[in-house]
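Chain IDs A, B and C follow the sequence of writing; residue 1 opens each chain.
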């Protein structure tokens, strides 16, 4: 057993941890070692590296033997082995027997292919393990190289520049007030033309015109539209009044047509 | 344009001060570097950095690197994007201006609409409204008032310059017909209260 | 021993990177300085700092100042703030870096063991590994890749600087076992048919 477990179980990088190899009693040592490997492939790689040859030239048969011996010893010591170690052992035993068979009796896939596959997997794990060690050995920030201890910090202060003008402000306030003011019905002071003023306006205009005139021509030409509506109504009533008094004639060619009127000279 | 490479002590002092979390005295640097006398190195470094974007300065006997003062404006940059205040925010601002100091509940009662939290935040961020304390009534609500920036922005000498209600009416700004139309047009503007809301400009 | 004073853009870039709390891309620096093209300034600065106690370095397209690696022994602190990684995490990190993007199943097939849940989490939390999407194969497994912070931490300008990556790739040692097996079988029955990289110690 000693030739199997003495020496470092794994070439440990400083940053690797997890293998409990401290001075432990013999029986427990093997167990702890197994515990330190991350599965059968890891153990195989370690055994392969102990062949002290280039990983390309390792003997798979020798490797299989070593692994099987190892597992056997563990079983003799009645150490609990994780199932995948035993599965690997069974597979390797099969591989070994296939490799020893005469060529013509070899099953498919060929044991050479199986051995090659194992070999390739070990290689890939090995190069990644080395890569990890090289990566960890680089000049690492915070360990070998340092950033500035107290950077002032670069700040972009995003600021919204809000825009609003006086008109928008007071308009908004006006609208709030108007919207929320108690509803009071108020008759507004409106621009109107009273009947009296319409009467005097229409009669004076009739006095200076001899021809038929349309009622709309009597309206003040530049008045506010609301005043115009009021003036139209008042002037219409005034025209009716003047006709009733026999001071004017009214004519309308069609329904809703222009209303014409002409003064009657006394 | 290459300088002769600095000697190792200068390099070590340079790196030590760079990595230090706080200004260091010459003694502390020296102790850190195994008891060296670093005064000469500090002076050489200060000379080297003179005129560069970084300066090595001594303050109260302790040394540290700092960025050149004339570049300060480049390092703390403000990025402004101009946004038009949403209608809701404008209303709230107007209410604060006319009624200050005023609580949020009072603003809501004047507006007749619930006011999103974001609306007041926008005004606080704009710097036009400030928290003016709390009203000493149950619940001690926060009360808001306008700021000097508000007056400046709107070109007002004082709040008394705001047009009165009569003037607003005379200007037709209290016309309920237009208001009804306007609020119908801008219904949904309430969401525009959040500062993220894009408002056209 | 005085250098001609650097121009204003160089000074500004120097100060900005010096003040920055984290590595910055040339674009980010340029944007911060009002849209300037800072590539030339960065190269000039890197040249200027070459040989000094502080270096300006590019890592994964981002630039930062750091202390010169040869001064590590002087600056190493009692309390390292570098994360100590378990051996499993170290291996997983290397596999992600050399094979990215890579799924968890692919990592496990290289390592020959199941990867404990915490192992990838530690790397994700350190900000060295990120989820790079999903592989469009049945099951759509999540795939992992390294980050710019990974390059920064390990002093790599880009993934091409990963130690030995070119040789490993040329030797087919980054190809899946199935591919390597197929080409080895084609090349002949010899067991050592693949052009292997030195890997035993």
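Just so it is clear, a contact is a pair of C-beta atoms (placed from the backbone, for glycine too) under 8 Å apart; a residue touches a chain by one contact, two chains touch by 3 or more.
All values reported here derive from a predicted model rather than from experimental measurement.
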Farthest-lying chain, centroid of Cα atoms versus that of subunit B: C
Chain centroid nearest the full-protein CA centroid: A
Approximate Å spacing (C-alpha centroids) for the pair subunit A, subunit C: 26
Intercentroid distance (Cα basis), subunit C paired with subunit B, Å: 38
Contacts with 2+ other chains: residues of subunit C: 16, 18-19, 32, 65, 67-68, 75
Touching two or more other chains - residues of subunit A: 146-148, 152, 154, 156
Touching residues on subunit C, where the partner in the complex is subunit B: 1-6, 10-16, 18-19, 32-34, 47-48, 51-54, 65, 67-68, 71, 74-75
Of subunit C, residues touching subunit A in the complex: 16, 18-21, 24, 32, 55, 64-69, 72, 75-76, 80-82, 84-88, 90-91, 93-95, 97-98, 110-113, 152-156, 162-164, 168, 173, 177, 180-181, 184-185, 189, 191-192, 194, 196-201
List of subunit A residues in touch with subunit B within their complex: 146-150, 152, 154-166, 168-181
Contact set on subunit A toward subunit C in their complex: 10-13, 15-19, 38-42, 48-49, 53-57, 60, 84, 112-113, 115-117, 119-121, 123-136, 138-148, 151-154, 156
